[in-house]
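Next up, some structures in C-alpha cells.
Two complexes are shown next, each including chain A; its partner changes from chain B in the first to chain C in the second.
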Partner chain A sequence: MAAKFETDFGQVLPPPRSQQGVTGWVRANLLSTWYNGVLTVMSAAVLGAALWVGVRWLIFDSDWTVIGTLGGQLVIGQYNIESACPGQNCFWRPQVSLLLVTALLGMAWRVAGGGLTKRIAIGVAVAVSAFALLPYSMERMGMDVRLLLLANLLVLGVGWAIGRYTPLGTARWATVSAVGVFVVIVLLLRGVPGIPGLEPVSVIYWGGLMLNLLLAVAGITLSLPIGVALALGRRSRLPVVKVLCITFIEIFRGVPLITLLLMSQVLVPLAFPEDFPQNSLFRAAVVITLFSSAYMAENIRGGLQALDPGQAEAARALGLPGWQTMFLISLPQAIRNVIPAIVGQFISLFKDTSLVYIIGVLDVVEFGRAFIQGNTEYLASAKELYIFLALVFWVFTYGMSYVSRRIEQHLGVGER
Partner chain B sequence: MAEMKEAVAGDEIIVCRDVHKWYGSYHALRGITTAIKRAEVVVIFGPSGSGKSTFIRTINRLEEHQRGQIIVDGIELINDIRNIDAIRRDVGMVFQSFNLFPHLTVLSNITLAPIKVRRMPEAEAQQIAVDLLERVGIPEQLDKYPAQLSGGQQQRVAIARALAMQPNIMLFDEPTSALDPEMIKEVLDVMQELAESGMTMLVVSHEMGFAREVADRMMMFDEGVIVEQGPPEQIFEDPQSDRTKLFLSQIL
Partner chain C sequence: MATVLRSLTYRGIPVWRHVKVIQWAIQIVSGIAVVALVVWFFSNIGNAIQERDIPYGFGFLDREYQTPIGQHFLPYESSDTFLYAFVVAFTNTLIVSVVGVVLATGLGILIGVARMSSNWIVSKVSLAYIEFFRNVPLLVQLFFWFYIVLALPPVREGYVVADRLYVNNSGLTIPGVSASSLAAALAWLGLATIAVVAAVVTYRWLAGREIRTGAASYPLLVGCATAVVIGLIGWVAVGAVSGGAPFTPSIPEPEGAFGRISGGFTVAGGLVALLAGLVMYTAAFIAEIVRAGIQSVGRGQSEAARALGLSGMGVLRHVTFPQALRVIVPPLISQYLNLTKNSSLAGAIGYSDLTNIAKTMTQTAPAVSIFLLIMVIYLALSLTYSLIGNLYNRAIRF
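Right after this comes the complex of A and B.
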C-alpha cells in the first residue's frame, strides 16, 4: 500500500469514479441520504401526476380556437375598427410601425457588428414575417396584410444596408434613429389632423400587445435616466434637492400603481381648464414611468453605496472634477453592479403595463378578458386564452432576462 | 493666481505650517510643521493611527485640514475648488489598495485623466501610457482589465496612472502593504527608479530596507505629531526619541 501512495505523489489524477457520470450525479444529488431519497421519490410522483394531467388536457381537452378568432386583434386591439378610423382601414399604421422597428433592428445589427443583436434582429424579423403564412382565409387576412408582414424581411436588410453604406451607421446615429422611430410611430398611430389617410385615432382605441409594448419601451428608456437623476439628487449635499428627491421617491414608491393611475385620470385633469386637450394614455405613460423611476433610483443608489470609496478618491486624486468622477467612474460601476435589479425593474414595468386597463383602455390581457365576457360561447376557452397570454408575456420577459445575462457576461460582472 | 503665490524658499515644494486636523472631536493631526524640498524622498513611518496617512492625504486635499497652512508648489490649499484641482493635477497619489478602475482597461485607466483633465489628444495620451507601462516593467498588459493582473502589476499600473498626469510630487500611501511578499520588490524597484529620476516623493511605508536605501529623510509619526525626523542613518543608528527606539525595535 505504501508503494501505491508513493507513485501517486505529485501526479495529476482524475477524480474518483463515484463522483462522475450519471450514476455519480444521481447518487450525489438525489439519493445521498435516506430522506433525500424519500424527497426524490415524492417529488417524482407529484411531477409525474401534474405532467400526466397537463399533457392529457393539452392533447385531448384543450381548444385553442379562441386565439385564432382573436388573431391580430391581440396585437392591435380595436385600433382598426370602424369607430376608431371611420371610412377607412387603419391596419397599415401599426404594420408600418412594425416595419420601422425592424429596420431599426437591422441598423442596430450592423452597428453592433453581429452577435446577440444580430440574432435578435433576425429572430424578430423571421418570427413576424412568419405570421404572413397563417392559414387564415383571404377574406380574414388579406394579401395586403400578408405582404406588409413579409416586408419585414426586406426592411431588415434595408436597415442593415443603411448602417453599412450610409454615414448613419454609428452608435450615436442609431440611438438618434431609435428616438426618431419612436416619435414617428407615436405620430403615425396617433395621426395628424388634416392629412388624408392619417386621420387621428383616439387613444381609447389603442390596445393589444402594441399598447403594452409602447408603454414599456417609453417607460424603460425614460425611467433609467430619471432614476439616475433621482438617485444623485437623493445623495446631493443641497438640502432642497435632497428633500425633493426623497419626497418624490417615497410618494411614488409608497402608493400602489393602480391608485396612481386612477389619480392621474381623476385628479390631474382638475388642474387644467376644462377645454384643455386631454390624453388619458399619455398621463398613464407618465405615471408608469415615474413609478418605475422611483424604484430605479433606489436600485442605483444601492449600487452607488456599494462602491469602494477608494474609487472616487482615486479619481479625485487624478484631478477629475466631481461630475466626471460620477459619470465616468462611479455610475458605470454602480449600474453594472445592479444590472439584475435594473432588469428586474424593467420586467416588472412591462408586466405592470397591463394595469392600464384600470383607465379603460384594452391592453392585450384586458382585450382578451373583455372578448370572452362579451362572447359567451368562448367562456370555456378562458383557460387557453390566459395560458396563451402568460406565454406571450413570458417570451418577452425571458428575452429581457436573457439579454441582461449576456450583457453581464460581456461586462464581466462578478469577475472584475 | 499670482496673489496665491506664497513667498517660500526657492526649492521648497511643500510647506506645512502648524497643520491641524480633527475627525469629529478626535484630534488626528496636532500641529505639523515641515518643508519638503524638490526631489526629496521622505519616508513616513509610525504606529497605526498616528496620523501619517491623514497627513499625506491633506497634501492633495483628500482630507481637509482645519487649522494651519499647506502650500504645494506655490499654491496654498484653501477651499477654492480651482486651487484644489490645480494641486491635484500636480500631485500624483498611489493607494494601499491600488484603486484602479475595474471597468476600464489598463490603457484607459492610464489615459483617462490626461485626456479628460489635461485635454491631451488621445494618441498622445496612449503613447505616454505605453511608455509608462514600459517604464514600470509591464508593457504587454495594455488591453487587460485590472482584475486580470497580479497585485504587484496592479500597483505598478497605479503608479503609471499617477505618472501619466506628469506630476511634480508623488504621494504613496502604504503602497506595498496589500501585496504578497514576492510582489513587494517589483513595486519598490519602480519606486526606487522614480526616486532616482528626481521625483519629489512622500512615502508612508514600513519597508525599512527601502527607506534606508532610498530615503533622504525619515519622519516618525506618533499621536498626530512628528516625533523625530532625520536622515536614515541617524534614525536607524542613533534615534533620539524613546518612542522611535521602541517602535523600531518592534518592527525590525
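Right after this comes the complex of A and C.
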C-alpha cells in the first residue's frame, strides 16, 4: 500500500484539459464569467463589423494615388523645386544626408555590439534602399536617385567597418561623429556660399518629413541637457536661481506651443536690427526646444524627488563633492526612473514638429494639406493622405516607445 | 601682501573658494544677466516700435473689431469692440476646454477600465486604441476629422437620427433650450445654484450624522431630493411671476425649400471636428493615467476589504478608488491643461478660438499688445486649473 501512495504523490499530473491549450485559453480570457461571455460576443461582433467595413474600404473603395503623386516630396518638401535651387539638381543633398545617417547607424551597430541597434540599423538601411525599387518611370525617379538610395546598404557596411577597423569604434567617438554628422547635414542642406554645387537653399524651402526629423533630433538632443539644468535650478537652494528657473518653466508650460511659435515670428524679429539676418526656422527650432525642455525639467524633477535621500547622503558620507554626488549618483538614478516620461516627452516633441505650419514652412503634414487644397481633384483622397501620414508618424513614435521599453528592461528598472 | 591675503581668507579658505561667496556670485551674475537680457529684448522692441512706426498700446481695445467671428457662444456683431471680441474668443476656448475635459474624462476612464478587463478582446482593442491615438500628431487627427465632417452630405440630404439629431456638413444640430426672457432665465439659474448648494450642505450634514450615529440617513437620496424640490419650486415661482416657463425646449425641425434647420442648437463643423480630435487624443492619455492609478493600489488592499465583508462595488468605491485618485489627479490635471492648450490648434480647421482670433487681430491692431494679452490669459487659465486641481488634491489626501 505504502508504495502505491508514493507513486501517486510523486507523480506530477498535467492540469485538467479545460485549463490548457486553446480551450483553457478561451475559458480564461474570453468566457471566465457569464458577463465576460456576453462582452466577448458583443465586442467580437462590433470588431468584426468594423474590420469588415475597413477591409472592404481598403480593397475596393480606397484610392492611394495621392501618395504616389506626392512621392518623394513628402520626404523633402519643396527642397528640389526650381526656385529653391535654380539651375541645378539639389536632390542629392538630402540623399547624401541620409547616407551619412546610415553610416552612423552602421557605426552604432558595431559599437553597441549587435542586438537591438543591429536590427534597427539593418532595418532602416533595407527599408530605405527598398524605395529604389518603386515602380516610378525613369523620368520621374532617375537612375541617380535610385542608385543613391541603394548605396545605403553599402554605406551601412562602411560605417560598420569604420567602427570595426579604425580607432573610431568607441562610444565616445560615435557620439562625436553623431554631432559631426548633424552639423554636416545642416551645412549640406543649407549650402555654403561660394562653393559650386553647394549654393545656399533658403530654409523656407526646407520641408517634408526631413524637416520634422531635423527639428525633432535637434530638439531631443538639446532639451534633455537644458531640462536637467532647469530641474537642478528649480531644486537649488539659491533663491535667485530658483525663482528664475520656476518663472521660465511656468511661462513655457502655461502657454500653448502654437502661441509661442506665433510670438517668436512677430515679437523676436523686432528685438534685432532690421538688417540682421533673420531665420524663421531657427527661431522655431529654438522655441520648440525651450518648450520641450520646460516639460523635461518637470519630469526630471519628479525623478529627483522620488529618489531616496539616503543615496545622496551616502555619497556625501563617502566624501564625494556636491557636483559629483549629483552627476554620478543622483541624476543617473533619477533619469533611469523617469525614462518613460522622458521618452514620452521626446515623442510629444516629434509630434509637435507638425505645428511649424504656423510659421509658413511646409512640413510633411502641411505639405500634404496644402497639396490637397491646391489640387481639388484630390480632395476625395484627403482621408487616405491623413491615414498615411498618421501611419508614418506612428511608425516613428511607436519605435521610440519600443526602444525605451527595451532600454528599461536592459537597465533593470523596477527589478532592483 | 600678507595682510591683504589674510583679509581675503576665512578660516584658512581663500575668499574665491568659499561656498557662500561662490553661491552669491552665481546668483548675482545670473540675476544680472537675465535682467539685462530681458531689458535688452524689450527696450529693443520698444525702439523698433518707435523707429518703424509700429502701433502699440492698448487703445485699440475700444475700437470696433469689424471682423466676423465664425462660431460664437456669446452674442457678437462686427461692430463690437476688440475688448468684447477678446471676451467672445476666450469664451470659445473655455467652452471647448470644459466640454472637451468632461467628454475626454468619460471616454478615458472607460478605455482605461477596459484596458484592465480580463476579457482578451476588450483589453486588446483598448490597447490598440491607446497606442494609435496617442502616437499620432493631434494636427493630423484634426485634419482627418475635419475632412470627414466636410465629406458629410449637405443639409438637405443630411442624416437625421430619431427626428432629433441632424448630422450634415455644416455641423451637428441637437435639441437645446431657449430662454423665454433674460431676467427669468437668470432668476431661475440663480435659484438653481442655491438648490445645488443646499443639496451639498444637506448631503454633508446627513453623511456626517450617519458616520457619527450609525443610523441610516440616506444622504445621497435626501440631497438629490432637496435640489429637485427647490429647483421645481423656483421653476413654478419664476413662471408665475414672468408668465411662462423660464426655459422652453427647442427641437430642431427642417424648414423651407433648402431644408434649413430651425431651432435646436447647432455645433459648427469645425467645432465638431475639434472636439472629436481633442477628446479622442486626450482620452488615450487619460486611459493610461487611470490604469496606472488603479494598478498602483496594492492587491492586498482590495483583498483585505473583501475579507472584511465589503461587496465588489463597495471595495471599488470605498477602498480602491479613493486611493487610486491620489495617484490619478495630479497627471489628470496636467492632461486637462494640455487639452486646453491643444485647443489652440483650432485655427487649422476653422474654429475661432483665442489664438486664432488673436492671429487675425494682429492684422488690424498692435501685435505686441495682443500677444501680451493672450499670454496673460493663457497663463491665468493654466494657473486656475492648477489651483482647482491642487485644492481638490489636498481635499482627497488623507
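The definition used in the following text is that the second predicted complex is superposed on the first by the 397 of 416 C-alpha atoms of A that agree within 3 Å, B and C clash if a C-alpha of one lies under 4 Å from a C-alpha of the other, contacts with A are read in each partner's own complex, and residues count from 1 in each chain.
The criterion applied here is as follows: a residue touches a chain if its C-beta (ideal position, glycine included) is under 8 Å from a C-beta of that chain, and two chains touch if they have at least 3 such contacts.
Quantities reported herein were computed from a predicted structural model and do not represent experimental measurements.
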item: Clash or fit (per the criteria above) of chain B with chain C on chain A; value: fit
item: Which superposed partner A:Gly310 touches (first chain B, second chain C, both, neither); value: first
item: Partner chain(s) touched by A:Lys351 [first = chain B, second = chain C, both, neither]; value: second
item: Touching partner for A:Leu51 - first (chain B), second (chain C), both, neither; value: neither
item: First, second, both or neither for A:Ser401, with chain B first and chain C second; value: second
item: Which superposed partner A:Asn36 touches (first chain B, second chain C, both, neither); value: second
item: Nearest-approach distance, in Å, of chain C Cα atoms to those of chain B in the combined model; value: 8
item: Contact residues common to both interfaces of chain A (with chain B and with chain C); value: none
item: In the complex, chain B residues that touch chain A; value: 60, 62, 85, 88-89, 91-93, 95, 97, 99-103, 112-113, 116-117, 145-148, 158, 161-162, 165
item: In the complex, chain C residues that touch chain A; value: 23, 26-28, 30-31, 34, 40-42, 44-45, 48-49, 52, 54, 117-122, 125, 131-132, 135-141, 143-144, 147-148, 151, 341-342, 344-345, 347-348, 355, 358-359, 362, 367-368, 371, 374-375, 378-379, 382-383
item: In the complex with chain C, residue positions of chain A that touch it; value: 29-30, 32, 36, 39-40, 43-44, 47, 237-241, 244, 250-251, 253-259, 262-263, 266-267, 270-272, 274, 347, 351-352, 354-355, 357, 365, 369, 380, 382-383, 386-387, 389-390, 393-394, 397-398, 401
item: In the complex, chain A residues that touch chain B; value: 308, 310-311, 313-321, 324, 328-329, 332-333, 336, 411-412, 415-416
